[in-house]
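Worksheet for the structure shown next.
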């Protein structure tokens, strides 16, 4: 299997958007698995790449995005996932982690051919990023208990799409690196 | 509303892949609406853009792709949709109509800001192309009776995703230009 | 004429690479025109976009890139050009300002159709960015006295290429907005 | 060294544009070296990839582009270079062979890491394609006697840029594969 990296999507978040009410309980449920996934990736020395929306704030850097998220009312969803010194960070402007970002270039530089995806939203940015990885012949694992959704039905369908149509491996976070 | 083009996806097809048994009946059902959609687009003078997989045949041009499809056992699904003199044609190598193709460039040249999507497969290339259009701030209409699926449940979910998460308008082909 | 933005290329720099000896005198000469160009752009309320190499430091944000440049031996070439509160900032990994970056997306969001280029290196990143702008149908002005080079002959040729083959307007910085 | 492919740029051409008078004599001079380069590539079983402008004719396929070029007054510049059964063909809409085309994807599929460039115009599409190859970490050889120019001075500068700034190998066509 190719070299693996963990990609954690849109978790530096102030949760002040309209779907937050539906999203937050799912994030709370997925948070422990995300934390363990990052810990295990770091223990194994694998790259951990934060890909995060800039929320239209082109003047901010990721320190400011993190700070805004950490001082908001949902800081408890951000604090346990804060990047460490070795984390990579890529800002995205739109949904997919790959669209008009240097993610594909960074993965090539690192020699990564396999992504473990976690974060939010299962039926949106996670799905779109899985597609854009598959289209680039990267293999994809989705840590099923470490992704959060807004619409549970669409999330289930998205997971099925990733498994059936994008050849993604769907496993619990605890089995992501096995 | 911005200038409209019809994008017809992957309909020049030999249907010799493993999912054909599930796909063909859905294509047969959607075919009349596709035919009427193209007729109406041409009557209105709107651009009709065929975006079609090259099936790994980099040496073929679209005439050969069409010919192969027209001489296969499912020619009745291809013949009524054959491109005319004014049709545009873009070859894609992977799922999305936009990935590593000049489609975005062509749409910019034509001044098109609104796509009417038809073709196949609803829960795959149609969904992915809708996403890549939405990400580029193009507005999208899906002609619901003019798209064909393999998995009806995933197709329904895909249509919901396009409507809820990509702001797509979901209408019958007969209302696509209204 | 379309809305204008200034793009300043690779000026947050530690000048510790092998070509620095040839580059620094040219930067010193171009610096006053760059300063005036940014001042005038800000006076007019035009977007100023810093596009800067990340020097392979994917973990750094632009504050750190700026800080490194400001504490090096060539801080006098950086200090007068430091971004202000309203500056945009885009990190690039490779030569062109457009390659695998969100610059094209940001320009679209801002409604910008005309770029005034300054910075370094005339015959490298400035040339490549002018090309990638021209290819996208953005119009380009090069502030001739506000770009710095390594090889004067190649810089002259690059300016000719931009003028003849990319339809760029070549003017002194003082005339960039006229 | 990585697997090699020959990329021949914009040689299916009607030469009815405004720079043709300056270009044609240079093409006539470079033609024999191009012919030998293609012959040698085919003898060695290397992929030969035609990347050609579509001249805004989105409805044409490459057979029609070839036919138009073969029936024009400069057919003698096209006939000896016509694609064979094994040639790959990619249509480009703008200058660089890589911009909004599937070339990078095709090269990845073929496992190609080294391009030998020939064709026209040295100081335009050849230069831009060399840049876009270098940016993608592909290595580049330019067959110096198998590229044609409009402006000899800019062509010399372009060759210097490719050698100095893009790490291209500049050799006669006869040494392109050694």
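First chain written, first letter: the chains are A, B, C and D, and each begins at residue 1.
Just so we're on the same page, contacts are C-beta pairs under 8 Å (C-beta built on N, C-alpha and C of every residue); 3 or more make two chains touch, one makes a residue touch a chain.
Here the structure is a predicted model, which means the values were calculated and not measured.
Peer 1: According to the touch definition, list the chains common to the neighbour sets of chain A and chain B.
Peer 2: Output, common partners of chain A and chain B: nil, no chain qualifies.
Peer 1: Tell me which chain's centre, taken as the mean of its C-alpha atoms, is farthest from chain B.
Peer 2: The chain lying farthest from chain B is C.
Peer 1: So how far apart, in whole Å, are chain A and chain C when each is placed at the average of its C-alpha atoms?
Peer 2: That gives a centre separation of 32 Å.
Peer 1: When the centre of a chain is set as the mean of its C-alpha atoms, what distance in Å lies between chain A and chain D?
Peer 2: 41
Peer 1: Got the chain D residues that touch at least 2 other chains?
Peer 2: 94
Peer 1: In their shared complex, at which residues does chain B touch chain A?
Peer 2: Answer in residue numbers: 94-96, 99, 123-124, 127-128, 131, 134-135, 151, 153-154, 157-158, 160-161, 164-165.
Peer 1: What residues of chain D sit close enough to touch chain B in their complex?
Peer 2: Residue positions touching the partner: 56, 58-59, 61-63, 85-94, 100-102, 104-106, 109.
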